[in-house]
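Take a look at the structures listed below.
Common to both upcoming complexes is chain A, partnered first by chain B, then by chain C.
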Partner chain A sequence: MLVSLAFRNLWRNSRRTLLTLSAMVVSSSLLILALGVFSGMFADMLASATEQYYGHLVISARGYQDDRDMFADFSDYAALAGNLRKRPEVRGVSPRLRAFGLVAHADSTYPAELLGVQPAQEQQVTSFSRQLVAGRYLDETETAGALIGAGLAKKLGVQPGDELVFLTQAADGSIGNDLLTVTGIFETGSGNRDNALVLVNLPWLQKLTVLPDRIHELAITILEPMRAGELAAPLQTNLPAGLEVLTWGQLLPEMQEVIASYNVSRLILVAILYAATGLGILNTIFMSVMERTREFGILMAMGMKPRSVQNLVLLETLAMGVVSMTLGVAAGLAMTLYMERVGVDLSPYLSAVTYAGGTILPRLSAAFEADNVTIPAFALLLVSLAAGYFPARRAARLQPIEAIREE
Partner chain B sequence: METLKLAWKNLWRNRRRTLITLTAMGFSLFLLQTFHNLSFGVYAQMIDSGVRAGSGHIAIYRGDYVKSRDEKLSFTEAGLANRVSALRGVRQALPRIYLPGLAQSSRESRGIMLMGVDPAAESTVNPFWKKLPAEQNIRSLSGRDALVGARLLKELKIGEGSKFVVTVQNRNGELSNELLRVRGVLRTGLKEVDGGMIIVGRERAAAMAGIAGEIHELAIVLDRAEDETRLLPEVWKLTADRPDLRPTPWEAAMPNLSDAIRLDYTSQKFIFVIILLIVTIGVVNTLLMSVMERIREFGVILALGASPGRLRRMVLAEALILGAVSMVLGTLLGCGSTWYLVSRGIDLRNLVPETLEFGGVVFDPVMRAAWDIPWMLQMGLYVIALCLLASIYPAVKAARIAPAEAMRHR
Partner chain C sequence: MNRLVTLWLCIWVACCPLAFGETLDLRELIREVEIQYRGHSSHALVHMEVATENWQRSLEMESWSLERDRFLTRILEPPKERGVSTLKVDDEVWNYLPKVDRVIKIPPSMMGGSWMGSHITNDDLVKGSQIDRDYTFALAEETNSIWRIECLPRPEAAVVWGKLVYEIEKTTRLPLRVDYYDEDMVRVREIVFDEVQTVSGRKLPLRMTVLPLDKPAERTIMRYRDLEFDLPLPPDFFSLRFLKAR
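Presenting the complex of A and B:
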């Protein structure tokens, strides 16, 4: 009975109710959209560091990631990689060898980092194969092929098919140099990759650096990057002595902290926006309670308990909360999904921005995260109940006789 | 005046409603001003440390070096730094050379950026030198002393005092090797610097590249960031005889930094717009309610001979007062919080890693606000404008009342 009474009361002043509802729907839906866009930026940022370089987990000799010591290598990785690939949470495992040196073409010479990879395996870990701007992805049959970053390619003035000379210090102390042929050019949008990274075939680099059958790391991508830590702990216990597994969070502690602190900043944002919304609701409900002073007096004189009067008012705000939550979540989700699918390209106005070891791409896209919806939704209910509390208490405290006398 | 007085009295007939509306608006304005001033201060700090380490407030480059970073685009310095330094408002003019190269120790080799500088001038302004003891600074322009990034030093497996070789390409396309000695360690928190930067005296770098007397960049650091617009044309004038030289403001020279700020500020503005939107809906609601309550009263006023225009003006005046009072309240609160954030700041050292990098500069974990008074006033006026905007519908509604019916209205 109270529920239907509450709904009828709300529609007695439909204009006021609709205006309040619209404020609630606007704030919750735009908030959900904004949070989705921020999540999208973080997703891009995380991908720039993981899916465009490290992977989510890296297995390497203990200490290798600290100083990239050429001699901190290991072999017999095939069984380990095979076992990892069997796990359902793992998307890809790529063995890699790394070398630093100079690449030259004609009379241009630039420093570069070479990653020796097995093209098919690397494709499951990093996204270079999907970010080509010219040529083709690496192919195992083209032993001396090279996939090169767009910035580096531009500086060297090379196109697919051109030859490069790579010069480096080999493990035996000699200077190794050999010819590479550019097969393709990739562009990730993040400068430190595009300007300095070259992907080559693993056997070619092993031969050049005189590190036969050896690798520096196994890069692993998983389905849920945020759960890298949970996966790493059991992995570590099964690793051969001398090897360690590091998560992207350990490799990039700043980024992990930035992403973790998003949970706090999200709450702050919700609190700020809803403070303004809550005051609006408070105002509406107070007005509607004051208008009905006489009516409440009559209800109480007829035997309605103060508690029921209070519940009636609270039910009215709760009803507004539920309705606006439903509409707000629906609109917010629709906008988030739209942005996720379509997005807005900002590259004419913005360049890529580096943040906490990653890169934020110049585009607006959104990423769906359950917390981005549930937190604003529940907070909206809480705020409407809290805003209803004072008016409800006031209504319950009315003295029937005085209330009836009021004009 | 009469109308304003009446409007003021009307507002206080329902004290609670007016107070809640004022609180909502004042509070929102306070939030907007506080967050804007905080960002304004943080951005100013980021720009300051960014320009000192990077391109200066204004940088002189040759051709499109700023985009292409082509080492061949060097230019003769020929006393330009001194002439620029003589301009009023210029703090320091820093001539620099940038050469990509390869650093080799006996065990390892790494790709690096070799930077040639005037160490005496840099150490007074460049934050890279902040944590460097004076006795570790490079001693001469042409010596073998080198400052090496901390992580790079570790990767090369060498320490202070060690010798290492740097290979760069000289102007003729040949590779030139040079033996350098680690004099000091760069600890900046910036990945690119700590992991790949080697700094030497300018003449040493120029000799390695075979471009004696030439530089790639003249970074001009100003006393006050606001002087940039005034000084840019003066710098243009100084370089007028050399048309291939292009004085470039930092926004263009460091797109990473300027875009980081723009990106951050844009997302903040989006939130601001939502807040203002919610508040406006709230004001419409309040004014509309107060008009609907007074239908009978308005009917009486009209029957007594007041024109509908007068009613409209009265509702607008009520909105104007609401806006003005909340502007004053919000701005007072905003001033208070800004004052606190300017003098004390927010200390995030326990939350944020000391090496958090954003837009190519290290984010200072002690955030301090700065006064942006024109913006605060502008926002205050916005709030008044929004109130007036929100009152249009209620005002029109009030003016359309038919007296006879309205008086019968309960």
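Presenting the complex of A and C:
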């Protein structure tokens, strides 16, 4: 009976109810969208930091990532990589060898970092193959091919098809030098990579540096980057002695902090928005309770218990909360998914910004994250119940006689 | 009182030349040390042994120099690297790589990098010949047998060291050792000279040992032989064209 009474009360002043409802729906759906866009931005940033270079997990000799010592290498990685690929959480595993030296073309020479990779494996870990601005991705069959960063290519004045000389010191102390042919040019938006990184075929670099069958790291991408830590712990115990596994959070501590601070600011945003929404709901319900003072007096005079009056008012707010939550979540999800698929291109107005090791791309897009929906939804219900509580208590405490007399 | 001061001054002035011998030109002394293997022009065979924590190797090289700003060296052994050459003209250093038949200019940012894998940097090749321009000199210590000369970089000089200390033997005017201090005045490298012999009428230390002090196990030893001086080498000899043609 209370339920049907509550709904009738809501419908009786349908304009006010609809206004309140719309405020709740709009605030919750926009909040879900805003959080989705934030998540999208951070996902982009994390992806740029990890998928443009490191990967989510990196296995290397203990201490290698601190000083990139050429001699901190390891071999017999094939079995390890094979086992890793069998794991369901793992998306890609790429063995890499790194060398620092000089690249030259015609009269210009610049310092560069060469990353020797197996093109097909690397493609599953990093996004270079999708960030080409000229030419083609690396190919195993073109032994001396090179994929070069856009900034470096510009400084050297090279185009796909041009020749590069690479000079470095090999592991036996000799002077390693050989020719490369530019197959493609990539642009990630991150200056560190675009201005100094060259991808080459692993066997070519192993031969040049006289490090046969050796690599410096296994870069791994996983399906859920936020769970890298959970995956790293059991991996570490199974690694051969001398090797360690590092997560992107350890490789990029600033990025870890940015994301942790995002999680806090997300809650603050929810709190601020719902404080405002809650006051709106409180206002509406209070008004409707005040208007119905006489009505509640009559109900109680007819024998309705104060408790039931309180529940009646709470039910009204709960009904509004549930309806607006459903609509708000639906609308918020729809907008988030639209932004995820389509997005807004801001490149005419903004250029890419590199921050905390990641790149914020000049586009607005969203990423779906369960927390971004459940937190606003539950918060909306809680706020509407809290906003209903005070008017409900007031209604329950009315004295029937005085209430009936009230004009 | 005044007379006493004057007397002291007179004695001091009179003694000065005695204390320092003939006026000692520190700048000239250091310059002589830096170009001891060069003369106006020179030709030499150099054996270089490099030991690092990870590898050891030895190179046989042939080198030429003209005045203080031109220098050319070419690897003879090992066969894998035969023909790899370094050309220094003024402040610039080029490497010629016969395997790919290309010349690479060492960019300014890499001048601090190792030369031919040794503990000598490209900068050492360039800056060594400019030492009298980049540093101020002071006699830090004098004993019966040596001068110890402290060289501090001029404020405007683009050098990597905080201080150099030369120890020079008085009788021969030859260096015994040079200590290199970094910008925090920590001694980071020393070069020791020994095996003095008379070559083409000059006395020279034929062995030079470079010791990086942060890596005690590492060293570079250079031995000079068949030194010849004052050869008729045309400036053209030290050009990129020549580098490739050889």
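The rule is simple: the second predicted complex is superposed on the first by the 407 of 407 C-alpha atoms of A that agree within 3 Å, B and C clash if a C-alpha of one lies under 4 Å from a C-alpha of the other, contacts with A are read in each partner's own complex, and residues count from 1 in each chain.
We adopt the following convention: a contact is a pair of C-beta atoms (placed from the backbone, for glycine too) under 8 Å apart; a residue touches a chain by one contact, two chains touch by 3 or more.
The structure displayed is predicted, hence computed values, not measured ones.
Superimposing the complexes on chain A yields a three-chain arrangement in which chain B and chain C clash.
In the superposed pair of complexes, A:D213 makes contact with neither chain B nor chain C. Of the two partner chains placed around the shared chain by superposition, chain C is the only one that A:V165 touches, whereas chain B remains out of contact. Contact with neither chain B nor chain C is seen for A:E140 once the two complexes are overlaid on the shared chain.
Contact with chain C, but none with chain B, is seen for A:L179 once the two complexes are overlaid on the shared chain. In the superposition on chain A, contact of A:L102 is made with both chain B and chain C.
Once the two complexes are laid over each other on the shared chain, residue contacts for A:E402 go to neither chain B nor chain C. With both structures placed on the common chain, the touch criterion links A:Y110 to chain B and to chain C. With both complexes placed on chain A, chain A has more residues touched by B than by the other of chain B and chain C.
Residue contacts after overlaying the shared chain place A:D371 against neither chain B nor chain C. Counting contacts by the rule stated earlier, residues 71, 102, 107, 109-111, 167, 169 of chain A appear in both its interface with chain B and its interface with chain C. Across the complex, chain B is touched by residues 13, 15-16, 19-20, 22-23, 26-27, 30-31, 34, 37-38, 66-71, 100-102, 107-113, 154-155, 167-169, 191-192, 196, 253-254, 257-258, 261, 269, 272-273, 275-277, 279-280, 282-284, 286-287, 290-291, 350-357, 360, 362 of chain A. On chain B, the positions that touch chain A within their shared complex are 14, 16-17, 20-21, 23-24, 27-28, 31, 68-70, 100-102, 104, 107-112, 154-155, 157, 167, 169, 173, 175, 191-192, 255-256, 259-260, 262-263, 267, 270-271, 274-275, 277-279, 281-282, 284-286, 288-289, 292-293, 351-353, 355-360. Listed in rising order, the residues of chain A touching chain C in the complex are 71, 102, 104, 107, 109-111, 165, 167, 169, 171-175, 177-179.
Chain C meets chain A in the complex at residues 50, 52-57, 78, 80-81, 84, 95, 97, 99-100, 102, 104-107, 109-110, 114, 116-117.
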